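Each of the next two complexes has chain A plus one other chain: chain B in the first, chain C in the second.
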Partner chain A sequence: MNYLPQLTQRLLTGSITIMLAACVSYWILSLISPNHAAAISLDQYLNQLLHGDFGQSQFYHLPNLDLILEKLPATFELVIITSLIVALLALPLGLYTAIEPQQRVARAVMAFSLLGISLPMFLTGTLMVYLFAVQLNWLPAFGRGEIVWLGSWPSGLFTVSGWQHIVMPATAVSLTLLPLFLRLIRAELIQVMHSNPVRLAQAMGITPWRIWLRYGLRNATLPMITMASLQFGTLMAYTMVAETLFQWPGVGSLFMQGIIRGDGPLIAAYLVLVSIMFLLFNSLTDLAYGLFNPHLAPWRQHTPFIGQDTP
Partner chain B sequence: MNPIAHQKWLSTLLLALSCLMSGLVNANSLRIAYDADPVSLDPYEQLSGGSMQQAHLLYDPLLRWTTNHQLEGRLAPSWQRLDNFTVRFNLRHGVKFVGGNPLTALDVKWSLQRAKTSPDFKAIFQPISHARVIDTHTVDLITEQPYALLENLATQLFVMDSLFYQGFDEQNKAKDAIEKHGHSYASEHASGTGPFIVTKRQQGIEVQLKRQPNYWDHASMGNVSLINLTPIHDNATRSAALLAGDLDLIAPVAPIDHYRIKKQAGMHLFTRDGARFINIQMNQVTRPELRDLRVRQAIIYAINNKGIASKIMRGFATPAGQQSPPGYLGHLPKLQPRFDLDLAKKLMSQAGYNKGFRLTMIAPNNRYVNDAKIAQAVVIMLAKINIEVDLVTMPKAQYWQKYDQGGADLMMLGWHSDTEDSANFSEFLAMCRNAESGYGRYNGGHYCNPEVDRLVSASAKQTNSLKRAQMLQQVEQILYQDAAFVPLHWQHLAWGSRSGIDIGQVLTVGNIPYLADLVIDQP
Partner chain C sequence: MNAAKYHGHHVWRRFRRQQLWRQLKANKTAFVSALILLTLGLLALLTPWISPFDPTDMQQQNIMDAELPPFWQLGNDSRFLLGTDGLGRDLLSSILYGLKNSLWVGFWAVILQFILGTSLGLCAGYFGGWADRLIMSLADFQLTFSSLMLAILVLAITRAAMGAHDYHIWSPWLLVLVLGLADWPQYARTLRASVLAEKHKDYIAAAQVLGYQSRHIMVFHILPNTLSPLLVIATWQIAHVILAEAALSFLNIGMPYANPSLGGLMGAGFEYMLSGVWWIALLPGLALLILLLSINLVADWLRDALDPKNLGQRP
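Up next is the complex of A and B:
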């Protein structure tokens, strides 16, 4: 098991990607803040990045990295809760709509998911504010609520008001992402259910639940992980919309303000950081592949892979 | 622990909690959201409406404008003009700064000197040459030239604690340093005599203020003891948060939300005439066509600014025919908005341009109410006299840079008089551009008429207000005839609140709310 070449290859391609992203960010910097870009050449800029210096915000006059790290916990919590909502709902709903496609509730779920895909988030978010905050007065309309400091990490997940505040933005983001996963799981399951091994299992009299969970769902995990890594960018983008809409004090709203103020250095630093995060996330996905299907482990030599359907 | 004891313990806790909660409610707290929070606690770091509003909470000026635009003594309850150069201010006795130091004439002198070094404020305080300390509680402000608006400037002279800002901070920088967005000591530590003190501040997230228990103004009826300020950039979110009951007071309110707030039970919308003058500068340097008086007049006649005020601004603006809003010294009632399409076409053909020409135009898209929409309407209106306009709108961050470069033929500009006086408009928008003196700094049209310069300069030295008014009105008359710029409207002010709060009691025409004097009812 020699995974060194694989690892070096990954590191190499990763650093080239980041390098390209950094060059693009420098180009954007020169568009937004020409004076700033004129003061520093591209190789100086890249050199600073390599040394972990992400420059100084033009507006705040503080290091960009500090600014972004300061706002990161809020965004992170929003992303985590959103992902949890998506994961906890997509699995059972996907399973249910695949098993009982003709039932009324299943049809309603599918229709609703179509709505979720089609409606833009700024609309659903605004409607949610109107309904739950303005009309019904159940949930607060903006902000993060009460914060508890866990060391240097400000968390909103340990207070009632924190949870009240996170419900709407997290639900709004998950409403757009949930349908994708739900439909993916459903499609995978329906496909697997008609495959030979499952038919064989049915013929052997294995209980339906065991078939659904063990043969069906397990096969749906890989595409789901792929989808998750692909949707990471979408998640970041939607989080930005949600942060603006609900005045969530996170990285996304910091970035939006940066755009409005024409804060070139901050925008450039954010882009580089997000591309690093992208890369890390994709690498994690590759590792996860390995856990669920040893054939695809990045540390393994490629061996011919025999699919489920091949006899 | 047996269940009963457990229950007792719980009920005690609940009781304690409810006492605490009711204590908080009784404390008359006010939750406010505005569009952006000031970058600094230092009143002299950044010249902006938000920073002036904040300065009135943390500091006191020598004088201030009342809600009906009269001067009122604050730290200086009385003042007299000694001669054309000098005004004597008698300071209030027994006033203390937050840090405990007593207020003296030395603080006034020091604050003035400091303000005169501020990049944003030095032009405003430029007419005052120095302060002369007479005794502990008497100070003279002295100008080099006779200057009519010395009292107006005293409304912007916030007195800071000179002893508190002595010495150096941990970074070895002078505590009184003014550095724009430089996180200086003064930008993060406030010691003023004002009605509120900062208890918590997270820039961009929230600011909490507590009423100063020993505030000197015992005559104030105000009952607000806690203020929580949150910046919410998005107009719709700000309005929704008010409607949802998460806030008590918001500003600004976008015109599109006015009706919604007005009709909602338990909500209150306050609007009043404002003094921010929105206009379009016609660049005579980039375009020879715009040097022709008839072309400039044609453009003014072609733009239906009454229509803009009623349709785009939804009545939330007063259409303007001049710079000075009603109530200002220079306002001349007969200068009404002009709109006459036939006359505009005639003027164009007289000038030999009946085939028209192309112009470029820039406007901000997040600075003034409906700025981009107004610019789009102007494009359509000018097409009717065959002027094709290429419009580019951009965020204010990029806009001012472009404006300073004179980057287009037509440029939108809004101006609020720093001194609440007519002359300030002309000094910045209509006088000949002069890099040395700073006059005509925002005169994007490069309009230049020596007679206007002469009258405006003379008006500054004229201390007789009747004669001064005549001069300033004459200036408006000349600018009107010369078609120096396209006057659009004066933008109104809007605040939304829950009922029980009437911000109108304490709001000045300059959009500064004296929150310390605000009397609110429990919801």
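Up next is the complex of A and C:
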């Protein structure tokens, strides 16, 4: 049982990071709303944060935490649907373009992915709004639609109007991330398909499907997790753009409104919460690393991973 | 063998031998996109002289000319080839100025990234030890934040602290600074790996024996031989920075509204689109798309052309 030192180290670095983020947020509070920062010392500020008090918004006169938690479900659902679209499309398309790189459809997919890298998200979004909302009048251009309360969680995923509203923002964000994952999976698979174990498997007469899934996709999971952890921030950033573009009532648009109104306390609280979120997500990816690659499991004794540092 | 690789890595030598030029002529897609990119670059350089109006000059604006359509639609005005925006500014001139501004930010931010990433990567690879560990853990730390998210947070907070008016006086320089500082780890990592592969070769040992200083060896001996992957990254990064700047402008924390970039033009045009006036948002968007696509295609070609694996190939 030697996961305890790992765990304590992680908890320690995590709390130091959040501590630093809290200090930075106090400094930013003093920059944006000096009178708010003057009313409270750094000690008091940190103490309040420790007790879960994130202060009051200057504009809404409501607790920041309540404001952010109220908007969080909308952002969360948008992020989840976007990630699902990316995962469900990138896996089969990556597999297909790696297996049949010369086919016409595969080439079209790759050309499309190059276009997707060059296409700014808000251009796709703007085009979609013009086409589907203004010209064809099929989909609503803004808002979140009808919501259903699941306990204290307002969800838009259980009504037709909710789905109609989420289609365009989620598609717009996923179209920017899809090419990255598609190209990554394709490159990994092509590399694996020419490796010795796969040749051996082919020589042994193992069915192609089994080879693609067991040898190919499994080898692509680790780079995919790395990519996902690196692109989490990008996803957040583009979600913010999408929330502004489609007037999605999420945390990102709350933050941008706070910026325009100069709402210091709200911005400071948002920063602390975002750093906590980043930290949680990084721990999750480390856990996922451990699940897919026993070498890197955080609950195991650290063994140097060959090939990681040697040039 | 080593000597051949040495010469092969040497970008300028390859330019002199005209291999790159020959490869460019052979690849039609790359040739066309390089041509388009060159044209766009020239247009951006010559903008103040060729643009029919000056969109930054309030004197030339007339609100009576607002929302005129481009030349192929009914109700157009022959003075405004691509129509006008909501303030009556000529859209063609705005797009030319926007192109200039987007390229300006992309160019300078990438120069900054290149200098920062290259010097840090060289030091990390050449000196090793604690400098290496420090620089590389900094790079890892930086990579866990996305550069776009970092730029959004930093610039948004700067805007809130300075106020919208003061912020937009400084925003072009702030954009270059933030986007330039946010994306150096890619260069540093790539360069460090190639420096590690290079530094035990004989010519470095020879230079050391001859008594050259570390700085001289790093800049004049190692860097020229590890330049090609950096050039590819830099080309890609220009597209990436322009895209990021466009997103920032769209969020109203990019180039000032009085002197917008292509992304800012789109953001300003978006509200008109809901009433069916599409050209204010979509024409600058089309220009942005062409610009980014041509940069990406040229970068892809450059990657293949500079790849040592394709060294012996003569098209």
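Just so we're on the same page, the second predicted complex is superposed on the first by the 303 of 311 C-alpha atoms of A that agree within 3 Å, B and C clash if a C-alpha of one lies under 4 Å from a C-alpha of the other, contacts with A are read in each partner's own complex, and residues count from 1 in each chain.
The rule we apply is simple: contacts are C-beta pairs under 8 Å (C-beta built on N, C-alpha and C of every residue); 3 or more make two chains touch, one makes a residue touch a chain.
Note that the structure is predicted; figures quoted are calculated from it, not measured.
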Room on chain A for both chain B and chain C (clash or fit): clash
First (chain B), second (chain C), both or neither touched by A:P120: second
Contacts of A:F232 with chain B and chain C, given as first, second, both or neither: second
Contacts of A:T221 with chain B and chain C, given as first, second, both or neither: neither
Which of chain B and chain C A:L31 touches, first, second, both or neither: second
Greater chain A contact set [chain C / chain B]: C
Which superposed partner A:V134 touches (first chain B, second chain C, both, neither): both
Touching partner for A:G262 - first (chain B), second (chain C), both, neither: both
Touched partner set for A:Q164, first chain B, second chain C, both or neither: neither
Which superposed partner A:Q191 touches (first chain B, second chain C, both, neither): neither
Touching partner for A:T17 - first (chain B), second (chain C), both, neither: neither
Intersection of the chain A residues that touch chain B with those that touch chain C: 32, 126, 129-130, 133-134, 141, 244-245, 256, 259-260, 262-263
Of all residues in chain C, those that touch chain A in their complex: 143-146, 148-150, 152-153, 156-157, 159-161, 163-164, 193, 196-197, 239, 243, 246-247, 250-253, 263, 266-267, 270, 273-274, 276, 278, 281-282, 285, 288-289, 292-293, 295-297, 300
Residue numbers on chain B that touch chain A, as the complex places them: 33, 181-183, 203-205, 230, 232-234, 236-238, 240-241, 243-246, 366, 395-398
For the chain A and chain B complex, residues of the former touching the latter: 32, 59-62, 126, 129-130, 133-134, 137, 140-143, 244-247, 249, 253-254, 256-257, 259-263
Touching residues on chain A, where the partner in the complex is chain C: 28, 31-32, 114-115, 117-123, 126-127, 129-130, 133-134, 141, 229-234, 236-238, 240-241, 244-245, 255-256, 258-260, 262-264, 267, 271, 274, 278, 282, 311
